[in-house]
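Quick one: the structure is below, and I'll ask about it shortly.
In this document, chain identifiers A, B and C correspond to the written order of the chains, with residue numbering beginning at 1 in each.
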Amino acid sequence: MRMRHLLCGAALLALSAGAASAATITIATVNNSDMIRMQKLSPQWEQKTGNKINWVVLEENVLRQRVTTDIATKGGQFDILTIGSYETPIWGKQNWLLPLDDFPASYDYNDIFKGVRDALSTGGKLYAVPFYAESSFTFYRKDEFEKAGLKMPDHPTYDQIAQFADKLTDKAHEKYGICLRGKAGWGENMAFLDTAVNAFGGRWFDMKWNPQLTSPEWKKAVTFYVDLMHRDGPPGATSNGFNENLALFTTGHCAMWIDATVAAGMVYDKSKSQVADVTGFTAAPKEVTDHGNGWFWSWALAVPSSSKNAKAAKDFLAWATSKDYVKTVGETDGWTVAPPGTRQSTYANPEYLKAAPFAETVKNAILSADITHPTKDPVPYTGIQYVAIPEFQAMGTQVGQLISAALAGQMSVDEALKQAQASVKSTMEQAGYIQ
Amino acid sequence: MSTTAVTRLPTPRTRRSRTSGGAVNTLPLVAPSVVLLLIFSLVPLAATLWFSVLRYNLLNPAIHGFAGFANYRFLFADPALLHSLFVSVALVVEVLVITVGLGCILASLFETRFPGRSIARVLMISPFFVMPTVSALIWKNLLMHPVNGFIAWVTRSLGLGVVDFFTDWPLTSVVIIVAWQWLPFAFLILLTALQSLDEETREAANIDGAGPIRTFLFIEVPHMGRAASVVVLMETIFLLGIFAEIYVTTSGGPGIATTNLTFLIYERALLAYNVGGASAAGVIAIILANVLAAFLVRAIGKRLDI
Amino acid sequence: MSARNRTQPIAGTFAWLAALLMFFPIFWMFLASFKTEVEAIATPPELIFTPTLENYRDILQRADYLSFALNSVIVSFGSTVLAVLLAVPAAFGMAFYPTERTRGTLLWMLSTKMLPPVGVLVPIYLFARDVDLLDTRTSLVIIYTLMNLPIVVWMLFTFFKETPKAIIEASRIDGANVSQTIFSVLLPLVLPGIASTALLNIILAWNEAFWSLNLTAHNAAPLTAFIASFSAPEGLFWAKLSAASTMAIAPILVFGWISQRQLVRGLTFGAVK
């Protein structure tokens, strides 16, 4: 296969004499199914341009550490990086990434949702182009709700969710009212908890970067989470992340699940899910506010400034995040799996709307997730389920560990938050945010 | 083993190299390995010591300069440090007890003759060939998971309820996985040792009327003593660095229940990219390694007659 | 060899039970690799199912398995050969002509193995970048050689010490020089020891997953990176991961099975008296 493409490329190159010489670019990406699809379709681009791609596909955490080490030491191993909306503004500010505002007019920047563009920009410059974007919302089992005589509202509150969960739990038959993330990590349990804290009116820092983790809002939100999971959650919740909960939900063990919108495509895939026909979805729960109650995340592609093949790399990005790419996926692999959340044109396409019943809800969730105003009270940071500062990864993970300890019953919520507050305060002092 | 038949002659080991036999200069023999290892350990050591007194965060070039002992101060103020040392040691000790204990029993069982012995032996040692990440993933998701796991299914079918391994017994669960990987190693070495037990000793025990259990306890176990020391030494070296199993299953949690020193350093180095802080923790790890090495030298080095 | 002469049915039964129990996780993973993703996590577990090769097909389509496997083979065998070449003279010197420093040297060597690699990632990465060795098999071979050298030296040292000194002395008196002594007299005697040392070293290098993930990208990536490209994506992945794992451990497992007799004979560590 590869050999043939190489030959085709060489032939094309010979034909277009005088064209730029062929380059080999190295792309580091996550092993999620959308990126695998990109890898599968990329020979089209290789044939068109005569360039060649080396793929480095790794699981998310390994990839993040690999790519971060390389870019921070200017190792220059990669020409294209797959990074998230968390890293992009931080790395852009350090000039580690090339600005990506010189794509041809056909790329149509304005077709990309403004919120998504903003999340991937800093100082008015776009540093990564979105491959797909997601928010979070609530999945629920329509059949279970009907059986119990319950009705899911369009904008539920956490109190309502708790009432439903209490009614739908039947531990003897391994039916759990609610499944939520419990595995420690800034991108695992904290992603959910941050949205819950936002909904309960809390925030990470006040305007002077003083941590707020012992505030009544945090206490209320975390206590609510721990109590709910003890009453109605599955066993082993402290090691459940996105995948574990997906497995539980698709095998019919959970009545409700609050998680990433990308899960919709998997829950509705009949070959992989036993609950495809009976699952409904609604907005992420709110409580005292609906600011930041659903998260925002985008997987995006960026070119490190150390790349020696920036031209070819940009050309690939313009292809892989274009309108045409979305169309290609829709036509070859089915519209259900077209990369969601990035372009207005995708949501104007009747074929997509027909194939993906969740499209409208996902779009609304993404449009209403405003990373610049994530909380009820003002904050000095951007990001809903993260704080866009370099220190957050470690800090978020540490707090996540303490909350998972409270979930496991090793310590009280108050104690966990007290320790969390102390550790965050120490980190922020060490990094010089608090004088 | 053939070595048992060898009569140990007076050896030149007590003499100085200069005075022995043909005046061999061992320096050119030993030097390449020693010099390379020195470079490989001293250069990073120097770098670690230097970084540990710097304000150095890879992700934030704005933070720089000399930190003095600030990194150490932050480290020692962190309750996680002491706990991680405890976890490191507990993990090593528990796995050692399990692997050496079971290893002795299994070695004794496999010394008997039974049908299909070599096939059983192959099955027995297979876990050692499995990559740590893979074995952690299998155990976590296919075996120990409280809802979908095989073990939960067995206990539930037997009416025993379900054990929530990684929540209620996090460290024990990690120990089980690690012990599964390292039991074959202990087993192999102990079995090799047991094979050198000569038949006369066994016969004598038999004639004295010792049953299999007495033979095991009073003849075989003492015979495996030196091999067990080897297992302890070798496994300690590898078990101190256990990382993948923790990373995959519990990420050091819940809380910090399974955060050992290696994992703590990982968090500092590759989550925070706080090179200064990670280096300070690294220095602690180096000190721990040397304390343990010194301890092992006293306890085991002598037994092994090095 | 001293296997007890009488067949012992009770001991044999327990031995077989233990062996099956130990092998079960691998067997279960192997089974899961032929299931669909839904079957792999089904409760109660699916014991009877229609096996599918879909997972293997997917994997081969996505990743160039042979290139990963080749890198693993080259890196683990290359580093083993190098380590043994370096270690044989060192172990010989220390075993036959010890000084008062020998013991200290050996234990110092072992203690270098106790340093957590993650602490020195940054300096090593910077160094590899400056000498242009990132993503090369050379860098992995060098690191694995040095990483495992202490173990190799130590194992060989213990084997050499078992060798009767009289033979060495005799050959020296006959006028053989050091390298002649090593190659024509000593090596044949300790070959089983060297073989099992090498085997153990190959296994350790094959399974090493920190440096292999952090120093490679595409060209030098071994099977541990292959695994990392199949573990924990968004979505159900256990069947596919089981298949990828089966492929990643199959070569070393078969290699280990074939050479297990050698391992059993050679792993004495001088502990047999």
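Rule of thumb we're sticking to: a residue touches a chain if its C-beta (ideal position, glycine included) is under 8 Å from a C-beta of that chain, and two chains touch if they have at least 3 such contacts.
If you're wondering where the values come from, they're calculated on a predicted model, not measured in any experiment.
S.K.: Two chains share more C-beta contact pairs than any other pair here; which two are they?
M.R.: More C-beta pairs are in contact between B-C than between any other chains.
S.K.: Centre-to-centre on C-alpha atoms, which chain is most distant from chain C?
M.R.: A
S.K.: On a C-alpha centroid basis, what's the spacing between chain B and chain C, in Å?
M.R.: Inter-chain centre distance comes to 15 Å.
S.K.: Could you please state the distance in Å, as a whole number, between where the Cα atoms of chain A are centred and where those of chain C are centred?
M.R.: 38
S.K.: When you check chain A against every other chain, which residues touch at least two of them?
M.R.: Only 65, 69, 73, 174, 247, 251 qualify.
S.K.: By residue number and range, which residues of chain C touch two or more other chains?
M.R.: 41-43, 121-122, 228, 231, 238
S.K.: What are the residues of chain B that contact at least two other chains?
M.R.: In chain B, residues 58, 141, 147-148, 270 touch at least two other chains, as defined above.
S.K.: Please name which positions on chain C make contact with chain A in the complex.
M.R.: 36-38, 41-43, 61-64, 121-122, 125-126, 129, 134-135, 213-214, 217-219, 221, 225, 228-238
S.K.: Can you check the complex and tell me which residues of chain B touch chain C?
M.R.: Residues in contact with chain C: 1, 3-4, 6-9, 11-13, 16-17, 20-22, 24, 26-30, 32-34, 36-37, 40-41, 43-45, 47-48, 51, 58, 106, 108-118, 120-135, 137-139, 141-143, 147-148, 150, 152-153, 157, 180, 183-184, 188-189, 191-193, 195-199, 202, 212, 226-227, 229-230, 233-234, 237, 240-241, 243-244, 248, 261-262, 265-266, 269-270, 275, 278-279, 281-282, 285-286, 288-290, 292-293, 296-297, 301, 304, 306.
S.K.: Spell out the part of chain A that touches chain B in their complex, as residue ranges.
M.R.: Chain A reaches chain B through residues 65, 68-69, 72-73, 90, 94, 174, 183-185, 188, 234-239, 244, 247-248, 251, 253, 390-391, 393-395, 397-398, 401-402, 404-408, 410-411, 416, 419, 423, 426-427, 430-432.
S.K.: Enumerate the contact residues on chain B facing chain A in the complex.
M.R.: 57-61, 63, 70, 74, 77-79, 140-141, 145-148, 162, 164-168, 170, 249-257, 259, 267-268, 270-274
S.K.: How about chain A: which of its residues touch chain C in the complex?
M.R.: Residues of chain A touching chain C: 2, 26, 28, 30-33, 36, 39-40, 54-62, 65-66, 69, 73-78, 174, 242-243, 246-247, 250-251, 260, 262-263, 266, 271-274.
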